[in-house]
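After this come two complexes, each holding subunit A, first together with subunit B and then together with subunit C.
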Partner chain A sequence: MELTITEHIVRINIIAPQGRIDAFCAPELRKQFEVLLGKNEIKFILDLSAVTFLDSAGMAALVSLLKAAREAGGDVKLVWPKEEAAQRILRLTRFDRVFDIADNQKAALSSF
Partner chain B sequence: MMVSSKVPGDVEQPDRSPAERPAEGASSRSGSSTGCPAEMNCYDTIRLDLPATYKYLNILGACLTEMLSRVEGLSDPEVLAYNLQLAVHETCTNIINHAYGETRPENRIEITLKLEPIPRSLIMELQDTAGGAFDLSKIAEPNLEEGQIHGYGLFLIRSLVDEVNYESHSGKNIWRLVKKL
Partner chain C sequence: MLNLKIALITTYPPGNGSLNEYGYHFVRFLRQKTGVAEITLLTDDLPEGQSYPTEETPGLVPLQIIPCWKFESWHNPWRILKVIRHLKPDVVLFNIQFASFGSKKIPASLGLLVPMLAKVSGYPTIVLLHNIMETIDLKNAGFNSNPLMEKLTRLFGTIFTRLLLTTDWVALTIPKYVEIVEKKYHTHNVLLAPHGSFEDSPALSLEAELAQPLQIMAFGKFGTYKKVEQLIEAFRLLQSENRPPLELVIAGTNSPNAPGYLEGLQQKCSEEKNIRFTGYVPEEAVARIFGEAAVVVFPYTSTTGSSGVLHQAGEYGKAVVLPRIGDLAEIISEEGYTGEFFEPGDPSALAEAIAKVLDNPERRREIGTQNYIAARGLPIAEVVDWYLLHFQALLELRDQSANGAALPQPSGQPSGQPSGSGITILDFGLGILDCMVAIALNLKSKIKKSKIG
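Let's turn to the complex of A and B:
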């Protein structure tokens, strides 16, 4: 019997910002995204569990990463923020339909 | 940044109508002359004068949250504080991005946070001196079925407060957000 064994490694970047993602901080986050995208990284988990405040500029940063990743054949999964009010805003803006949002990193990893 | 804080007892109240003043000799905390809840102190106003940059918007949110922490009997106060923080934050970023459009040291945003007793509500007024005007009705709603890079700001403001009014005159843009408490 002949066996061919190949190894397939899927590389997933886990990004876990803490604190506020707002108009002041979002440009720095976008810059980080661009660095990773520039290295041909296309699969991401954005762990928002430690994010305490997310504004529209922060949301735009997440969507820009999602669009770039999907265009390159990848995807972005989110982990829910622990902050209940932030969860409600993500539901209000229907981010829970645009993104897959998992309860924790492990669940997000298994959703790829 | 200049910050001025005004609370009853140590401030002038130039815009206070006679009907809103407590009767002479009456305690301003009792609310007996206006029927306002005692814990609200009838006329609580905080004024902030912030530079029109993103850098210090966290101060506005913290101020609003602390102000609400003094109001008793709120249902879900943490979510309320977060939502109102987001609404005023989005209004400020709108002013910075669209009214001023550029960062200059003289560009300011004057913010007044006012607790009104009847109906119990928080009034948030934001004023800039950028001139110009824009038509709120012409701002398109975001397509929520697809992720958007732009367009969530006004949607969030409208969704998180009970009233949004905007007017422009004498070179000033004035936003008035009202949330019933």
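Let's turn to the complex of A and C:
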């Protein structure tokens, strides 16, 4: 019997911001995304469980990462924020239907 | 990869109907997107002697402009649908508000039927609705002064909102508006797509660039809920105080619903040389007009949605003075903006609010910087991406449905249904029910009043 064993390692970056993601701090988050994308990273988990507030400027930062990652053949999975103030924009923009969103990091990892 | 043919029903410069500027900037960025193969604008007819731009720019998505509707016309549904059917677009997008197709009830209503008819005709349809009837102060917005007519207008507003909701998605620009519509209409095919700022990344205007004498500027289409009489009064008050000379710049045109309004005012102020009426401001002059202003004033008597002018003021880092009406303060703070507020109807309160900004460069910079950051947070180029993502999701669901797969319905959401299947007799029934409930409530309150009387 011949046996071929291949190891396939998938690099997934887990980013876990904390606190508010709004117009004031979204530019910093975008910068971090750009650094990672610049290193050809294309698969991401954004763990929003510790995010306390998300506004549309913050949402725009997440969508820009999704767009860039998908264009490069990757994807972005989210972990649901615990706070209602952070869940609200995700629901109102209906991006809860565009992003894959898991309840925790483990579930998000297994969805890749 | 998408290869979309998009039909966009909108106003567009040099047409001066409301939302023309939003249409212009939306299209400007839509043309730069990969995944879009062709854009056709279904615009309003221009007055004789004017024409839409026809030149093609290499590297941009091809743009075709077909004038096929007219403000106040009863023929708009037939004309627009005929063009849509001829084009056979992948998606149809409407950039509208309640009075886009007319200020009179019948043409306005007929125009609002078009999105539903496009959907019924089998085209995936999204409506970007810039205002909702539930938050418009009709009396102050200049639509109705008669209470009975106001109730009737609201009733029709409810019915037409329900009919707009029969399309695949209704996009609203303010989070609170989405929640109001979800709650009132028990629907989930409404989503938040914020207004977005028009410019890519203009530099923050510096104090040194301000015109001298300092300018107080109001920008927009005036005459209905944007009225400048009290601003002129406030300006006179400011000038009578001991401060350096000022200039009041009223930039823009009449609202299509208020012809002759600015001309009348201009005549009354003809002796006051430091009150300047600019008339129509072409796109290339917008940056200068905002850049030179020390403060941008919003002389509104009502709010009808997210303010394009506020976003523009933010793009140029301008301090703003706003009326304390309805939930405007809450709305702008949700979008990250700030400003100085005044009680509407009182020119001295307006003068006081302007003075707080005008006389305090520190405060002016503070407000301007916050507004600049808010505006840069979400450029319209990214809002356009949001629409493309929703188009993609919509078409994927339609394809799944065509292939016989069960449609995912997260949270019991009805959206994403295959084209043409979203409208049921139930929708019409609910519209009629709205009508009957409102009439019954109206009668009940009248009976109560007559008993009390």
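Going forward, the second predicted complex is superposed on the first by the 111 of 112 C-alpha atoms of A that agree within 3 Å, B and C clash if a C-alpha of one lies under 4 Å from a C-alpha of the other, contacts with A are read in each partner's own complex, and residues count from 1 in each chain.
The rule is short, and it goes like this: contacts are C-beta pairs under 8 Å (C-beta built on N, C-alpha and C of every residue); 3 or more make two chains touch, one makes a residue touch a chain.
Bear in mind the structure is a predicted one, so any value in this text is a computation, not a measurement.
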Looking at A:R88 after the superposition, I want to know if it touches subunit B, subunit C, both of them or none. Which is it: first, second, both, neither? both
Practice item. Kindly classify A:D96 by the partners it touches after superposition: subunit B alone (first), subunit C alone (second), both, or neither? Key: second
Which partner does A:A72 reach: the first (subunit B), the second (subunit C), both, or neither?
neither
**Request:** Check whether A:A16 is in contact with subunit B, with subunit C, with both or with neither, and answer first, second, both or neither.
**Result:** neither
Look at A:F24 in the shared chain and tell me whether it touches subunit B only, subunit C only, both, or neither; answer first, second, both or neither.
-> both
Between subunit B and subunit C, the one with more contact residues on subunit A is chain B
- Message: Is A:F53 touching anything from subunit B or subunit C once the two structures are fitted on A? First, second, both or neither.
- Response: first
Note: overlapping subunit A surface for subunit B and subunit C spans 22-24, 55-57, 60, 63-64, 66-67, 88-89, 92-95, 97-98
Counting only contacts in the complex, subunit C reaches subunit A at residues 169, 175, 178-179, 191-194, 334-336, 373-374, 376-378, 382-383, 385-386, 389-390, 393, 410, 413, 415-416
In the complex, the residues of subunit B that touch subunit A are 54-55, 57-58, 61, 78-79, 81-83, 85-86, 89-90, 93, 96, 142, 144-150, 152-153, 155-156, 159
Within their complex, subunit A touches subunit C through residues 22-24, 26-27, 55-57, 60, 63-64, 66-67, 88-89, 92-98
Within their complex, subunit A touches subunit B through residues 20, 22-24, 53, 55-57, 59-60, 62-64, 66-67, 83-86, 88-89, 92-95, 97-99
